[in-house]
Each structure stands twice: as structure tokens, then as C-alpha cells.
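Listed next: structures, encoded as C-alpha cells.
Each of the next two complexes has subunit A plus one other chain: subunit B in the first, subunit C in the second.
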Partner chain A sequence: MRREPPRSLADYAPIAFPAIMLLVFFVIPFSTMIAVSFFRRDPAGFYSRDFIFDNYERFLSAFFGGVLSFSIMLAIVVAIICVILAFPFTWLLSQASRRVQIVWLVAILSVLSLSEVIIGFAWTTLFSRTAGLTNILVWLGLMSEPHALMPNFGAVLTGMVYQALPYTILVLYPAIVRLDPTLMEAARTLGSSPLRSFFNVIVPAMRSTITATLIMVFVFALGSYLLPQMLGRPQHWTLSVLITDQAIYQSNMPFAAAMAVFLVLMSLAFVGLTLLVGARKGAEA
Partner chain B sequence: MSATALRRIIFTFVGIFLAAPLVVVAGVSVNEKQALTFPPQGFSFNWYQQIFTDDSWRAALINSVTLAAASAALAVLMALPLSWFLWRRIAPWANVFRLLGVAPFILPPVITALGFLTFWATIGAYGQPWTAAISHAIFFITLPLVTLSLGFASIDRSLVEAAATMGANDRTILRTVVLPLILPYLISGFAFAFVLSLNEYIIAYMTVGFTMETLPIKIFNALRYGYTPTMASVSIFFVVLAAIIFSLIARFGDLPKLLGALSGGDK
Partner chain C sequence: MSGLQLQDLTKRFGSVNAVASVNLSVPQGTFVCLLGPSGCGKTTLLRMIAGLEEPTEGAIVLDNKDMTGVPTHQRDFGMVFQSLALFPHLNVGENIAYPLRIRGVDKAEQKRRVEELLELVRLPGLADRPVAKLSGGQRQRVAIARALALRPKLFLLDEPLSALDAKLREAMQVELRQLQQSLGITTIVVTHDQREAMTMADLVVVMGEGRIRQAASPIQVYRKPSDAFVADFIGMTNLLPLKGNGDLLGRSFPSLGMAVGPRGGHLSVRPEDIRLVSPDQGTLTGTVTFVRDLGGTIETFVDVEGTSIVAVTTPRERTPYVAGDNVGIHLPVESCVVLKG
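The block that comes next holds the complex of A and B.
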């Protein structure tokens, strides 16, 4: 059957329900949030209608600047570590048999779907004094007595890498699977060692994929809302944690909304960058 | 060093990293006493029984499963006509709705959560259980949308053409040719949305956090008052459930192909 443009009203009928749902329950809430970011805080309720810029002016404080630069720094470090770990792993995975690949993919998906609450809980347990990693070191005789490994920056970083690594692998996987296998064969035939061919042939061939993945993982890591709170100290809070805190615990919905609008603009800028990288990749190919 | 040895080392390292926290949680979940110790002291499955026998944990489990089933079903109900329309008709403008369906998934989840919070608060429905179901359905529509688009793309159009030549109308073709062919993609889309909704915290928290406890909310709330081994057993229960569901998808579908499409986004 050939595809045809819709003609009668009945032809449009199937799209009506999803279109209305998405407009009413995504576009309108999104616009509501933007509107609320200009409202005034009402300690007694959620907000009172107004048109003020106070919520945005609060961005100009040293405190907010600190949170913002820490969030960006943390997300960049997480993205770099994840890509460094995930790239060789995913490439080796793509070389494995289909059976091995499927077993790994099921495991990676299961970890990826884990609630951030569960990831946070699991790592607080692993880093705890009574049930943590250090107990194993004591048992092995490498340490005299167990102690807690958190809250600190290292714990936050580990938890967030754990959360983002499965995502990174799944973002890289389709691109790496599609990579032309003759590239590696050619390098090997010409006498290059596997390790050398990997770094001199595979990595440069995937340069734009790596850049796009770095940006996607960066945006993903920006979204982490519980781990910095569960594994770190207040100075390790990120923008996402702060938004949740303002909206729920400080009941300052307008300020939370202003920060969320800011986060959207920042994320969109980076997603746009990814598309640009993708477009350049398309032009090269 | 040979390539196989290198592969073994890297696979082992990633495997240990991914498994370590879960092994420890599994360990503490079988402790005999209510204490957070590892290696576990004694052995008992009591804390797994607790999920189903303790009233508050069982209520949270039922809330979570109901929410996940309702929102995944609604997500599929929205994604099916949308992806069918995009496949059947030439209507470039309709791609806007595909983009709207994928958008909440790409942006940081806090943003979508806050959007829902302000919206439900404004229309005065804040805290109603059904608001969480709609919110999750919108948030997770990406998954059935992507799997179904892949399903439609894989249909050989000559099959449909043949049915049309034999005199079948759109409705008959949909029922007898199209639906059976995309059923596996529909089921995987539902399953992905179901598992992720089960685990989702921030949107559930911002919509119904103060009126209804889902399991992730219950775990987080319980953590603030200290540790109970039930949260460990629930965590392991969730991991196992996810692994079983994804294994079933892998068993009856083409997981590498599905994942290729999922991360490829709108391509």
C-alpha cells in the first residue's frame, strides 16, 4: 500500500488522541512551568500570579554560580570517565558472539532501569562502615578496621558513573556495531597490533560518535537528582538536586521553575550541539 | 597480551563494577537479624516475605505495579495510533508529535517532573493517583513510540499491498496483517515502559509523593528513618524482575536490533 497524505477528516482521526494528550499533558505543563517561573512565591500555597524577574535575578548570586559550575564540572567528569570505560568495552562486546552480547545487554538494561533511589541505597550500603567494601579489605588483612567511604566527592562520582555507564554503553552500541569490520582487518593485515589498530584506526574513525556520546552522557548526568544528595555533602548538590529541594522542601515553586527553565535551555543547547556534530558526521560520510 | 586476555580483563572489571553494589545489597537482604552487616550473619528469606506480608510494603508494591501497568498501557494506546499514522500517511507536520513524545526522555527528568507538579497544582488535581499515571504515560511514551516505529518500518509493504489488491480495506488490513506483525514490538514497548515506570522516582514523587507511596518513594522515605532489610530485598526483587522481563524480550524478540533503534533516537 502506498503512503498517502490524509484527505478526509476520518484520515486524521487516529492521530487525534495522541496529539491531544501530548499537547494537554506535555506542552501545557511545560508552558505552565515557564509561566510559574515569573510568579511570586506564596508561603501559604504554591504561588501567586504576578510577572516578576526576581526568580531569575537570584541566579546572579555567588551561591548559584557555585552550584552551576559544580554541576557542569561533575557532569563533564562523569561523561569523560564513562566514555573512557564504555568505549573499549562496547567495542569488545561488538566482537563477541551474539549470545554473549545478549546476556550482557540484558544485564546492562537491568542496571540502567534501576531506580536512582535503589542505586543510591546500594552504594550507601557498599560505602558504609558496617556492610561496606572496607569489611572485605579487613577480612583480607589489608586494613585494620572498617570505616565509611562517604559522604564525599569520590562517592558521588562513583555513584553517578555507575548510573551513567549502562546508558553510555547503549548509546555507543549501535554505532560501534555498524562500524565496518574491514577497517580493523586491514590494519591487522598491514601488521599493526590489536591495541595499536584500536587506537590508531577505530578511535579516530569514531571521533564524531565519541563527541556526540560525551555530550549525551553530560546531559544525562546533569539530570541526576538523588545521588549527589545521598552520597555527598551539601556542597556536592547539583542544579537538579537544588530544583527538587526548592520545589518540595522549601516550597518555592517559582524559583524551582526558573532554575528548571535555565536547565532546559542549557540542555537544549547541548542537544543542539549533538545534532550539529551528527550533521557534520552525515556530511563526512 | 592477546586480545582475548584483554577482553577477559575488561569484561571482568565492568562486570564486577556493575555487580558489586547489587551483590552487597543481596548479601544484606538475607541477614537473619535487622542489621546492616556484610558478609551476612545467618541466612533467611524473611525480608523477602516482608514485601508481601507487611501491610505498608505490600501497599507500596500494589501501588507501583498498578501505576506501572496503567501508565504503560496508556503510553502504548497513545503510541500505537501515532506511529501507525506516521507510517500510513505522508504528513511531515505530524513528526512534531514524534518529537514531543521523545523530548521528555532526553531532557533531565527533574524538568518534566516540575512541569507536571506546576500543572497539576494549577488545575487543582495535585496528589490524585491518576495524575501520576498520566504523567508516567507521557514521560515513557518514547519507549513504545520507538519500538513501534521500528516495528512499522520492518513491515514489508508488498504484504499490505497484496491485501489491498485482494480488496481488504484499511481496517481489515490493520487487524489481519499489520497488528500481528507489530505485536512483538508492541509488547516490548509496553515492557520497557512498565519496568521503567516501576523504578521511576522523581515524577511519582512530585505528583503524588504526599498522598501515595510507590516502592521507590517508600524506600527513600524509609531510608530517612534508618535502615530496614526490606529495602534491600525490594531492590533485589526489582533487579530480578527487570532481568526476567528483559530476558523474555531477548528470548522472543531481537534485543540488539531494538537497542540499536532505541539509542538511535529518531533515526
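The block that comes next holds the complex of A and C.
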């Protein structure tokens, strides 16, 4: 294809549609949020136009710092667990027959159609004392009496991994299906057992896909605000929970906006860091 | 007996016989070409030998040891794949050292062996090059070096040269043959290119529909094909219908009738064996329909009783005919092969 620099205004026409979409659905809402984050809160009404740093100042405390680091830590742990579970699963799925693959993918898609609320309530029941999973253990004689498995960190983690796992699989699937199947066979003819070949050849060959998937799941998990409330204690609440709380229940839009801006900046920083580390590793190899 | 034996090797996919009771004995140090059209089962046969495909029936025996149930990674066979399957995350040296690393060979020894192998495939000093920065021919050599790193007992190659352009392919054929002879390693190559097989092989195994049609030296496969399929697949040939009573294109040859039997068959004559003579002198007569003058050789197509016969001559022998000429065709008895069925 020949590429010439655009000369007339009409030459820019093809990018008009994406530009408008980006403007309407990203630039305008995000700019509004940044602007609101500098506004002054009006306890009687909503907020008044101003340019103050109070909202950011309030955020710079040990409490919010703790919540922010917990949110990021939780999203990282969810991303890592999801990829560790989804990668071998997707690889095994790619080895199965076409029909088996379709059945699994349809099942995964159906999990994806469940809302966060339904997932939350389902796990609340499963972790409860009266109707939960421990009753099965009691019935099997492995436990003397049923326990409640929530609210705690494990419950939050389980719920969020459950929610993010289908996304992880669907992101990994196209790349893994395209992987040259003879790579694994070659490793086997060179004296490497199937398990070893998987870790020695398949995982490193898919390094960039794995990095991209980690980032995607991290960002996805960072936005979760219902599951931590339903399955965790207040100390397991993420920044997204506090943002919702400030915006909706405390009617403090400027402070909620400031926290949201901070969260976006922090997650961008993490994504950038991951890409940087990935690029450096790629350059070494 | 040392060497490789395939005994009644069969592979069925559902109700399809991909490979049907193959029996083959390959002496130690032989270069074998599995040759056939696509879908003839040659790749499946190679994959069974490598252990990548489990045989439905039969046995694979190497040096009197039954290898049939041995997993691929314990077989000690080197294999080069059609895709080459070089590991994209490793550089040239690391690719070649991969099998050594798996075996726990120490670092210094790995380095020494990698250099030795790169020397062997004529790529000295390229150990630190990323795989993506290699040309097609260089990748080919790296894949060969990697497969030979463990000094395998058996060297398997699945259409190894198919990705290369014609000139490089011919050069690599010669090189591969010389490499095999210097190492004395038993080698099996899958190919659909009969020239490749003729260039490299001690033993050509022609396969069709999952069966071995003929296994013999290249020249014997060419000169004495066992059936019409082999005669047609190896090189250019004229397959002339021969009736049981000895009728060949309207002429009667009772002695050929005796040889072919009552059910009839074909007479195979190579184009370069046919001599074009004046119309009254030939075994058969016909009309020239087309002349392809390729400079080095001239192909003359002659129509005899509705059957097209091609003769190949060199310009030195005589001036080309032109379409419409009447010619006689002389079929030398010693180079004609009678094929039954």
C-alpha cells in the first residue's frame, strides 16, 4: 500500500468516525471527571466550580493509601491466579477436538453473561454456613459441623477469580490456537517430556500474550466494586467501593472524581511498568 | 540385525487406513526417501516412527529393540519438521543447545558442541543470532543441527526442503546427502519430489494409498517400476495400454501378450528411450502434434491411434520435427517394462 501524507481536509475523512467516538465516549467524560476533581464540594447541593487541591490532599492519607495499595494488590493477585489457571486450561482445550472446544467456549461465554450481582449472590450462598459448601464436607464426614467461609479475603479472591476467568480464557484462546503445534512435538523429539516441553517452550513462546493478558485482567479486576462488598469485610473493600460510596451515598462528587483520576493514573503506571519490564526481557532474549 | 525394521505397521483414522501393513527393513546407515503424492500416508508413517503418532497395529524395531511403546522423548531420534519448529524465544545457539540442556550437559560442553554443530552445517559464528534474523536456508541448517545435537540413532526429516526456492533446494539436497554419508546415520526423509529422492536416497520407498508400492534403489525404481502407479509417479513416462492378446495401439506383439498375461496391462517406456525414425522404420507410426523445444532438450509429442506419446531428444541428435510431421517410433525392447493390471 502506498502511503502519502494527507493534503486536503478530505484526506482526513477516514479517521473522523473513530475520532468522534473517542471524543464522545472517552475525552469528554474523562475531562469532565478531571475538572470535577478540582471543584469544591457544596454540602447543601452538589458542587460549585472552583480550582482547589483539597480533594487530592484528603486522598493523601494513610487510610486511602492503604485502600489504594490493597486494591492494586488484589487486582494483581487476581490477574496472576487467573493466568496461572487459564493458560494450561486453554492450551489443553486447544489440543481437544473442534466439537469439544465449541462446547467449552459456549459454556465459558454463558458464565460471562452472568452479572456481578448474580455471581456475588451465588458465592454468598455457597460460602454460607446454612447452605454452603461445608455442608457437603460434613455430609462426607470430613468436617464435624458447617462453617461460614465468608466474609474474608479468600472469599473475595474466589469470587473475583471466578468472574475474571472466562475473560482470561477468551483473551488467551485465539493466540494459543494459532501457536504452531509442531513446537511441542519438536521439543518432545529433542528429549523433553510433555510437561517439561510445556514450561520450556510453550510458556516462553507465548510470553507477550501472557503479559498482555495479565494487564487486561488486572485492569478488569481493578474496577470490581460489588464482589468485595458482598464477600469481604470493610478492610477488603477496594478503592472502587469507596469511589461508589463517595459519589452515590455521600454525594461528594469532587472527591470521588479525584479518587477515580488517581486510580486511572496508578493503573496506567502499572501497565506501563509491565510493558517496560516485558520489553527489556524481550531485548535480552 | 542392526538397523530399523517396520513390521506390519498400520494406522487407522476412524475407518480410513492412512498406513496399511507396511513392512520395511532399513539397514544401518541407509538414506531412505519416503516418496508419494500428498495423502499417501508417508508423513503418518514418519510420525509413527518418531512416536508422535501411535500405530494401530504393528511394531517398530531398532537394533533388535522394540520401540513401539517408547515415548517420543525417550527414543533418541532427531527430527526436522516441515515448519522447522525453531523455538522463537531462543537464539540459534540456544535452539541447538536445547536438547543438551534438557539432558543436563554442562555449559562448557554445550558451547563446544554448538560450535561443532554450526561448523558441521556451515554456519560458524552464528550462535548469538536471533532465529527471526535468519534466511530460509539458514533456518533449515539450524533445524538440522538441533536435530543432530544428541547424535541420534535415527534422523527423520518431514519435507525438510519444501520451503526453499528451487535452486537452494537442489544445493541443500546434495549437502544433506553428503552430511548423512559423513555421519553414517540412518536417515528417513519424507518428500513428494522425485528428483529430491533420486538425488539423496539409497532406498526409495514409493507409497500410494497407505501402502508401499515399491522399495528399491532409485535407479531400479526408475528403470524397473513395479506397477503403473510407480512408473507414472517417478519421472516422465509413456504408459501405453497393452491388451492381453498382445495388441499395442493397433499393432500385435504376441511376445508382449505372453508377458502381460490374459488381463492385459501397460507398457512403460521412458521418453528418453524412444527413438524417432522415418515412418516406415518404426515399431509404431504417428503424427507429431506439438514440439516443446526447451533448448537443452526437445520434447516431441506424437499421436498414435489417439494416444499421446512423448519422446525426449537433445538438439545434437537431429533438427526438431514440426507439428504435422509423420514419424516412426522405435521402442527398444530392453528399455520397455511390461506392467500387469
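Here, the second predicted complex is superposed on the first by the 238 of 285 C-alpha atoms of A that agree within 3 Å, B and C clash if a C-alpha of one lies under 4 Å from a C-alpha of the other, contacts with A are read in each partner's own complex, and residues count from 1 in each chain.
Here, contacts are C-beta pairs under 8 Å (C-beta built on N, C-alpha and C of every residue); 3 or more make two chains touch, one makes a residue touch a chain.
None of the values given here were measured: they were computed from a predicted structure.
> Kindly classify A:L276 by the partners it touches after superposition: subunit B alone (first), subunit C alone (second), both, or neither?
In the superposition, A:L276 contacts neither subunit B nor subunit C.
> Applying the document's definition of touch, where does A:M73 land relative to subunit B and subunit C: first, second, both, or neither?
Neither partner.
> Determine, under the contact definition given at the top, whether A:V201 touches first (subunit B), second (subunit C), both, or neither.
After superposing on A, A:V201 lies in contact with subunit C but is clear of subunit B.
> Check whether A:L190 is in contact with subunit B, with subunit C, with both or with neither, and answer first, second, both or neither.
The answer is second: A:L190 touches subunit C but not subunit B.
> Between subunit B (first) and subunit C (second), which does A:I84 come into contact with in this model arrangement: first, second, both, or neither?
Touch status of A:I84: no partner.
> Looking only at subunit A, is it subunit B or subunit C that touches more of its residues?
Of the two chains, more subunit A residues are contacted by B.
> When the two structures are overlaid on chain A, which partner does A:T182 contact: first (subunit B), second (subunit C), both, or neither?
second
> Do subunit B and subunit C land on any of the same subunit A residues, and which?
Common to the two interfaces on subunit A: residues 194.
> With touch defined as at the start, can you tell me which subunit B residues reach subunit A in the complex?
Result: residues 1, 3, 6-7, 10-11, 14, 17-18, 20-22, 24-25, 27-28, 35-39, 77-79, 81-82, 84-85, 87-91, 94, 97, 100-101, 103-104, 106-111, 113-119, 121-122, 134-135, 137-138, 141, 157, 160-161, 163-164, 173, 195-196, 199-202, 205-206, 209, 216-217, 219-220, 223, 231-232, 235, 238-239, 242-243, 246-247, 250, 255-256, 259-264 of subunit B touch subunit A.
> What does subunit A use to touch subunit C in their complex?
Within the complex, subunit A touches subunit C at residues 180, 182-183, 185-194, 196-197, 200-201, 204-205, 207, 285.
> Report the residues of subunit C in contact with subunit A in the complex, numbered from low to high.
50-52, 71-79, 81-83, 85, 87-91, 98-99, 102-103, 130, 146-147, 149-150, 156
> What residues on subunit A touch subunit B, complex-wise?
Going through subunit A, the ones touching subunit B are 1-6, 11, 14-15, 17-19, 21-23, 25-30, 32-33, 36, 46, 85, 88-89, 92, 95-96, 98, 101-102, 105-111, 113-119, 121-126, 128, 130-133, 135, 139, 162, 165-166, 170-171, 173-174, 177-178, 194-195, 219, 222-223, 225-226, 230, 240, 243-244, 247-248, 253, 256-257, 260, 263-264, 267-268, 271.
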